[in-house]
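All chains are identified by letter, namely A, B and C, in their written order; residue positions are counted from 1 within each chain.
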Amino acid sequence: MHEQPSGNFFEDFRLGQVIRHPTPRTITLGDVAVYNAIFGPRFAVQSADTFAQAIGYPRSPIDDLLVFHIVFGKTVPDISLNAVANLGYADCRFLRPVYPGDTLSAASEVIGLRENSNRKTGIVYVRSRGFNQDGGEVLDYVRWVMVRKRDESAAAPGDHVPKLPQQVDPLNLGSACPPIDSAAYDTTLSGSPRKFTDYEIGEKIDHLAGVTVEHAEHMMATRLYQNTARIHFDHFTESKGRFGQRLIYGGHAISLARALSFNGIANAFHVSAINGGRHVNPLFAGSTVFAWSEILDRAELPKRSDVGALRLRTVATKDRPCADFPYKKNDGAYEDAVILDLDYWAVLPR
Amino acid sequence: MHEQPSGNFFEDFRLGQVIRHPTPRTITLGDVAVYNAIFGPRFAVQSADTFAQAIGYPRSPIDDLLVFHIVFGKTVPDISLNAVANLGYADCRFLRPVYPGDTLSAASEVIGLRENSNRKTGIVYVRSRGFNQDGGEVLDYVRWVMVRKRDESAAAPGDHVPKLPQQVDPLNLGSACPPIDSAAYDTTLSGSPRKFTDYEIGEKIDHLAGVTVEHAEHMMATRLYQNTARIHFDHFTESKGRFGQRLIYGGHAISLARALSFNGIANAFHVSAINGGRHVNPLFAGSTVFAWSEILDRAELPKRSDVGALRLRTVATKDRPCADFPYKKNDGAYEDAVILDLDYWAVLPR
Amino acid sequence: MHEQPSGNFFEDFRLGQVIRHPTPRTITLGDVAVYNAIFGPRFAVQSADTFAQAIGYPRSPIDDLLVFHIVFGKTVPDISLNAVANLGYADCRFLRPVYPGDTLSAASEVIGLRENSNRKTGIVYVRSRGFNQDGGEVLDYVRWVMVRKRDESAAAPGDHVPKLPQQVDPLNLGSACPPIDSAAYDTTLSGSPRKFTDYEIGEKIDHLAGVTVEHAEHMMATRLYQNTARIHFDHFTESKGRFGQRLIYGGHAISLARALSFNGIANAFHVSAINGGRHVNPLFAGSTVFAWSEILDRAELPKRSDVGALRLRTVATKDRPCADFPYKKNDGAYEDAVILDLDYWAVLPR
């Protein structure tokens, strides 16, 4: 299925098909620096080798979301180059830590296909996996995208909608986090005294700051991941397209919101799983992104007294500060300013 | 005093208080590359390991200003998140070289407090220190900022203005510069034959080139330093604020001017101390920065025949070339185009 | 000839003169990451150490064009700071692989000088060479530029036009490519099954995607190379100049086109030589760059059964998709949308 620079269309996919994606990628300290310059994360574990080593890591691990974006980027040329919309993520688990110098590759399995009634498009469900140079799985997630058909008269290539979990079971969390020496976790250096047990379910936190997105930033980030979706890069074509302009990669909002969430959840040093994520409104350059979070749940991890996991809903908005936690309207639809609704498990020291 | 994502206000500070700042930071070759891409410095010692090793460094050290910005950035969330203005720097000394892989942390001591007569704001003086992973001090400087009060009726937390030196004494320069083999310092590779003794006090040098600043660049640089001052990043809020737009971090102009100063002072490979610095007019994206320098003084360093120090005034302007050395008007006020007046000691080979 | 921050003028050059250029530069993984973020190349050999090692490299080499830009950048302050136009390249050969940690320096020899009949300008031909830290030559090329005279009445410094090859002889290709284990070259990971013998002379390939260029991107890239040509950076001056705006460094279009060419020539992992290159129309920020290529020739390399070389013409356009391969008009002049006509040898596995 390779050597299709024009990408796969709905009828090109087959249920059970496994696609090894091109272009393995060695992640380096250079990538970390570019990522930091674009998003400005401040979590101490990823920021300082000394901090990471004090608590039990061999060195600072790569930011989980950078791992996600790089694996995701590899899937784009094969899965979503002809996508109309990225519909959702589920069952995303970070399985092993990734360090500078590790080389990531990716493969996807087609686990669902459903043609839309208009017969012009169909939904493709894939389970994508990222691997390190030793073949160890570092990331596993499902996403589903609406993909155009090349030929409307082509037969649907299958009809199956997979059953997906509403959330990642806490029993399956934590494998990417080595045992932590919580006593050595310095909460002055990390920026907050609040640990796992200091958060209450239902608590809402405004992340306070806003950050305006520039074209050069989102394109540099998205190219860093070798994500080739043209809608992010080609103003000439998009100026005549659906939005009249380039659309920012949805993952950009995730990384911005995660960096902002340091204001209030500074010790949530590791994203262990993403239960689901929706890009509910498009983000364009020139907008300012704000974010807030709600503590949805609190879970102990199996056999671990060092860390626990908070289930968080992080909501990002555009041009709308979040002191009043904007989310949905009375009719259940998202407020227009909301761009991201992300449900994930983050690990904190106990 | 941590876990205040909304920052400290004037009445939160206490004389003598010591604040250890969050988020230690390992500086890497990646950070150097991003810094180089944004500022384009050409000093040979920092550019090439081979050049650095030839004269006595173990490898290229980190650019002094990158060290300054990273230490400065750490102090922002605690010291100046609610600052109205950054008023000045003094007694800034670079004490040890920093290399890729070193981890920097920072602490500040409150050394002065004076409430303004309007009782709405006060001036906070801090001595900030940067440390490497071994606890060795790499940077030490004083800055003072005007900070808002949360509550105008709150009592002033102290009343003391520290005495600060007009300049760093040359006796205190040079500890961040290892012994240099001046004979091995290749002035063809470094870009200029002019060494320490070739500059005369009073000489003025136009740095010739101009560089236009883009939003993506100054935000990426400022995030690289984990500097969280919102006025640099949040167009939504700042469009309704004092300037109607994002303000560029003052340190950005310092790094631009330093990079430009290679044209004329190419062998000033090390900033040893900053006597004082003032951001006399704001800089915004879209402006073009020019710079010129005057040799204010020339100092031998104690017990060192390898290097000497020039005291330089480097002036940066916006949208104003510097062939005629723009500075102050007849009434003593700065010309409108002047944005930076920086007084520092730079080390050159003899 | 150094210590001329205002650059050399036509009458400053002498036939046979050799100029060692300032500022050696250690290339790092950080530089690679910035380059990747700006251009988004996906060639597997440069992307993953594991892929490179599997076929015989010690690790991923530095992208050939990054090497070119860094060597080129060094020549700018001495050769082309006062250039009216960069007229062409010829006989450009990549001679040794370059790896992260290598330090590059450069020297140029003046091999031709011809004053223009208006006596205001002249053409300077230089052979420029890049060297690694061991003195090994990594790059060798000729370029010619039209340079202003400082003084129109000055005598012409020489009158000689060198004879240059129309193309690099295939006998001289390949020294920067170690012996490759073609059997270990995984065409699934590399993104295409098409190897050397799968391309036919005369075949034309649309590279499909377009990428819009932002000011922050081209300035960051060009500064990364320490290229100081002011026309790329100084909006204040250029707004009153020839184009009314900053001109993008010609090499930027080369790197963009090369990255786009992955769509269709994914296994052309190494640029071995550039036969010639012309920037036929200026590129400005805001334009979207597209590209297409034609297979001009196919050559076996001396004593090598592992790889072969394709001679490619890659044409880049602005705001003009390339499905119909835009090139020249009936009168032989380039179409207005064409910005780059590049003729080079790329190495592919057999």
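One rule holds in what follows: a residue touches a chain if its C-beta (ideal position, glycine included) is under 8 Å from a C-beta of that chain, and two chains touch if they have at least 3 such contacts.
Only a predicted model underlies this, so the values are computations on that prediction, with no experimental measurement involved.
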Problem set entry | Angle, in degrees to the nearest 5, of the Cα rotation that carries chain A onto chain B | 120
Problem set entry | Proportion of interface numbers common to chain B and chain C (over half same, under half different) | different
For this session: Could you grab the centroid distance between chain B and chain C? Build each centroid from C-alpha atoms only and quote it in angstrom.
Result: 36
Exercise. What positions in chain C touch 2 or more of the other chains?
Worked result: 28-31, 33-34, 214-217, 220
For this session: Can you check the complex and tell me which residues of chain A touch chain C?
Result: 2-3, 5-6, 20, 22-26, 28-31, 33-34, 77, 101, 103, 105, 133, 214-217, 219-221, 223-224, 226, 228, 230, 233-237, 246
Seminar exercise, completed: Interface with chain B, chain A side, in the complex: residues 28-34, 36-40, 42-44, 47-51, 60, 187-194, 207-212, 214-217, 220, 263-264, 266, 286-288, 290, 319, 321
